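Dumping the structure here so I can ask a few things about it.
We just call them A, B, C, D, E and F in the order they show up, numbering each chain from 1.
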Amino acid sequence: MTMPTFADDDALLEWVAQSLYTGVLSDACDAVGLRDRTLGPDIRPLDESRVLVGRAKTVAWAPMFHVPARPYDKEIAAVDSLRPGEVMVMAVGRSAEIVPWGELLSTATLARGGRGAVLDGLVRDSRRIRELGLPVFCTGRRPLDSCGRGIVVDFDVPIRVDGVPIAPGDLVVGDADGVVVVPRAAEAEVLDHAWTKVAGEDRTRAALRAGSLLADVFREHGIL
Amino acid sequence: MTMPTFADDDALLEWVAQSLYTGVLSDACDAVGLRDRTLGPDIRPLDESRVLVGRAKTVAWAPMFHVPARPYDKEIAAVDSLRPGEVMVMAVGRSAEIVPWGELLSTATLARGGRGAVLDGLVRDSRRIRELGLPVFCTGRRPLDSCGRGIVVDFDVPIRVDGVPIAPGDLVVGDADGVVVVPRAAEAEVLDHAWTKVAGEDRTRAALRAGSLLADVFREHGIL
Amino acid sequence: MTMPTFADDDALLEWVAQSLYTGVLSDACDAVGLRDRTLGPDIRPLDESRVLVGRAKTVAWAPMFHVPARPYDKEIAAVDSLRPGEVMVMAVGRSAEIVPWGELLSTATLARGGRGAVLDGLVRDSRRIRELGLPVFCTGRRPLDSCGRGIVVDFDVPIRVDGVPIAPGDLVVGDADGVVVVPRAAEAEVLDHAWTKVAGEDRTRAALRAGSLLADVFREHGIL
Amino acid sequence: MTMPTFADDDALLEWVAQSLYTGVLSDACDAVGLRDRTLGPDIRPLDESRVLVGRAKTVAWAPMFHVPARPYDKEIAAVDSLRPGEVMVMAVGRSAEIVPWGELLSTATLARGGRGAVLDGLVRDSRRIRELGLPVFCTGRRPLDSCGRGIVVDFDVPIRVDGVPIAPGDLVVGDADGVVVVPRAAEAEVLDHAWTKVAGEDRTRAALRAGSLLADVFREHGIL
Amino acid sequence: MTMPTFADDDALLEWVAQSLYTGVLSDACDAVGLRDRTLGPDIRPLDESRVLVGRAKTVAWAPMFHVPARPYDKEIAAVDSLRPGEVMVMAVGRSAEIVPWGELLSTATLARGGRGAVLDGLVRDSRRIRELGLPVFCTGRRPLDSCGRGIVVDFDVPIRVDGVPIAPGDLVVGDADGVVVVPRAAEAEVLDHAWTKVAGEDRTRAALRAGSLLADVFREHGIL
Amino acid sequence: MTMPTFADDDALLEWVAQSLYTGVLSDACDAVGLRDRTLGPDIRPLDESRVLVGRAKTVAWAPMFHVPARPYDKEIAAVDSLRPGEVMVMAVGRSAEIVPWGELLSTATLARGGRGAVLDGLVRDSRRIRELGLPVFCTGRRPLDSCGRGIVVDFDVPIRVDGVPIAPGDLVVGDADGVVVVPRAAEAEVLDHAWTKVAGEDRTRAALRAGSLLADVFREHGIL
């Protein structure tokens, strides 16, 4: 089965959202030798029914314990430079004090065509974010403001979340099982593998549903 | 915008439930210099759609490893002295062995006009509690009985939950984002700040939704 | 009230699912001196509305860091030997790298009359598992494949999950509050206690709902 | 090799200190079917060169967040009732706020013929305790006072530390590897097993030192 | 007993090192109502025999995942501006990746008259630091370089370590039990309380050593 | 400065032990782009004064909850196949139940010319191991036997410890700061970098000791 071609990146992102899912993308990363591309199990969707697909817009946070001069400069610059198709990916280091995401940033993200947010940190205004429909993946919620607790130190730079290196522009996919980040350089190969595997799964599933032994199914199809 | 006045404490609690939310109350606490008034992200609502507002009725638990003489005396006394408008706030120290809350206490609480429960510990009978409609905020669930595992050592005394000092009568507010506890002495000032901020947020939100840059919105409204 | 008798084990499992729940089973275990029979609060149902009742089919996993020769032999043998009424109970040691359960194993389990899965580990394909309707209790989700990350080292052997010893054939019950495992030898006695307690609870509940003091209810009924 | 007999309990405790060690006692507990009798690896000696052997004097602590009326009553009564040969064993629940042990209690313990202290909690005055020579096993140190942070709720009652049930009078043994607690009822049998095993170990050790293969040593001596 | 007066701050620091210790300083903080002034039990001295007393020179670190332009500017400026009597106090957020302290900074600190370092993070070159004799309190060791893993974002600003707010110039005292930080404004009062308490302890200690009951000692001296 | 050449691998290992240390080896790994080659801070030496240098002999453990048939086969085979210059490196997954290392294995290791052991797990017989002089790096101690708690599932295979991939034959170096593992393929280049850096450090150190500003030292020598 041949991979489709896409008019633009937006079409590719939509196709990924419709045709693939995190499990098969993680398998495809494995297949090309990228074995550490899924974020850990603590980064969960606010709304499990939403799928997130976009390009990483990276942001690095630091703890801060007072209100410095011009506390918002880099945070504002990061949000205001967001481009359509992008996902805010924030390295917060699992701080329980910094809550960098809430309704206002969600609103601003949607207004710029942003596709969601992923952070190893907390969010607030979670019910309103869900109403807005923006897919957000985070480690939890707390009704705190970030001012005087954390600042953005850099953006559009390489970051790591849960040990996974993430570069600006990497393909970020999230669903009920978690988040996979596919590096740009390997993207075409990974998508191709994923597409092939999705096609094969239907036969395995049908055989198992019909009561075949796993041993026979594995012998015939070679996947488990 | 002037704060309304209230016929009685019940009216005030209802107004808080209708007009405010934990995020804005936490911001208002920050504004008056109370920066550590939100419980941590592990204390979660059993039912995210319910809002909890009430006065703290404090209870302190201790681990126990046998069934002492008269194991229930203080627990019974605490529940039986609950007054309308109060919320059971229990310091359990995140014990995974003590499960101090379940259907019976929920039923008794509702029968006395209690408004909910908050604990840094586990609950059982979670589906029945949700059916009863009582808002309960806890760290998880486990189908254990507390007898021979923990006892109430004191109630109506100052406690700390997640490092937040809580005194009897403090205003406790919980929603999908977590729990904020406002000390009695600062309550009027905090509510006033929160009320003012809520009013201002609509303009910010509208500007962002219309596509304004965050930089411009922040320059004009001064909030983020 | 006399315990009913059952035509076969399947009828017994159904009766447990209809008439009892984890809280009362844990209380009954306490009553016969088995005080450590509930799994910890981190093992949660994928779908809180489903009840799991079945016989333990035990599996022990080990971390693995390369793809060994014949990596699937024991995993396949374990699944293919599953009998109707059984529940896969997997000791994974809370590994964040091994994800031993997903759609395929769920499908195979259902095809063999299996009643669910319990593991101190992660699952993938969580939305499809929910659609299939199989009750699964786990510590979280991650879209990883187990190949090259873990292998089954043994099955149909005694295991421990969260410190609870579990033998093949033990009665496993899970609901929104968590999981209880009743050892075979104590099963009849535990079920009898649970049945008696369920009958008594209605009176307590009614008294509390009518506004009785907890002190009076406890004095009269002796349960809390 | 026949176990010696002892003039009194003090002689038995001394013999255990001279002839056995925690590893062989844990093996002996295993041999009689008591597989969970060692405290976890976080309970460490203040001074690794000291050996602790004595009878458990149990104490249960509770967190407290204010100074109650008569805060010291039970703590004082517990210490003042300590008898020669006893070891204070304190269940503190790994609280980082309660620091129940320090120089004063160490001095009082020594003055009463006490043989040491074991706690799943913190100590202070650690250098002076080491100078006093009292063996203390704890989870760490912090220079806090317990007043207003914790109280003794009970003593001379069954407790659990790291999941290990400990009754008053149980044999407590600690050395550089950690702590083993032998229940009274199994003590004679456990000591007998340990004594036999100690005797056999010398031959295994000698064979291995001489370069024998582990396979041969195990075949011949049956221990590893 | 009257507190001595001091020729200069250096004399005061020396007197604290000779006459007081962390336990009594923590008690004195309690006495004046400052109950959260000790760092947690995970911040341990590299060398338990050394005492640290000095003025806080605060530094805030941020995680970083690439080598930014001019990565060392603020770190160099912080070290080069250290004044005699100061202690580097670094907020690292318990990062296991950033190792901000080693032999070079220790050498530079000693050359400037610095008195030690305290950090909620890791160090390297630990044996050489011990040979240099600089008191360092940290959460552990790892042989990593900080370059490309963390940067200094600010210094000479308020920070928090283990929840304890620390301002530049605060009195920092560390010994085998841990670290206490006394705020400038309360320093005179705290030192006075500590000095008085030290004097009283000798009598209590002597009474206990002589075998007095704790109950009697407490009744007479009022301290425990 | 040119790297020396070595008569055999033993001479190389000795030279590393004498001339290098973990910090400079980690820096050299960074320099060649291997940024994740140090084990985490929880793996600590039993005796900080000993240096460990050798070739990895890898072993993978699995939790086990009963005594299987022939429980020791692979463990015995692993130890008996140890060759001079090798270090046992054991992946235990931080289990608190499996204690795979003790006096007997230490004795057998020394008898075969083994150079030490590294494990992300616990050891027993710690005082005797120290007396034997074998360098052992572990996460803690507990006086348990491994029988019925864990088994060796494989050896001489790739493993991961703290996320660091380790292959048989990799160079393992441990000292007071922790453990670095240098992959075979990069070894020559890493050793060369380390050797060059060691030579340069003396000048930096001398300049700092003489009171030079860090800014000047960094400008001149380019290292920090």
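Operating definition for what follows: contacts are C-beta pairs under 8 Å (C-beta built on N, C-alpha and C of every residue); 3 or more make two chains touch, one makes a residue touch a chain.
Just so we're clear, the structure is a prediction, and the values are computed from it rather than from any experiment.
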Of A-E and D-E, the pair with more C-beta contacts is D-E
Identify, among A-E, A-B or B-D, the interface equivalent of A-C, where equivalent means over half of the contact pairs coincide by residue number. A-B
Roughly how far is chain C from chain F, going centre to centre by Cα mean, in whole Å? 41
Centroid from C-alpha atoms only, then distance chain E to chain F, rounded to Å. What do you get? 32
Just how far, in Å, is the C-alpha centre of chain D from the one of chain A? 49
Flagged in chain E as touching 2+ other chains are none
The answer for chain F against chain E in the complex is residues 21-23, 25-27, 30, 35, 38, 40-42, 48, 175-178, 180, 204-205, 208-211, 213-215, 218, 224
Contacting residues of chain D [partner chain E, same complex]: 72, 75-77, 79-80, 96, 102-104, 107-108, 110-112, 122, 124-127, 139-145, 147-148
For the complex, give me every residue of chain F touching chain C. 60-66, 68, 91, 93, 95, 151, 153-154, 157-160, 165
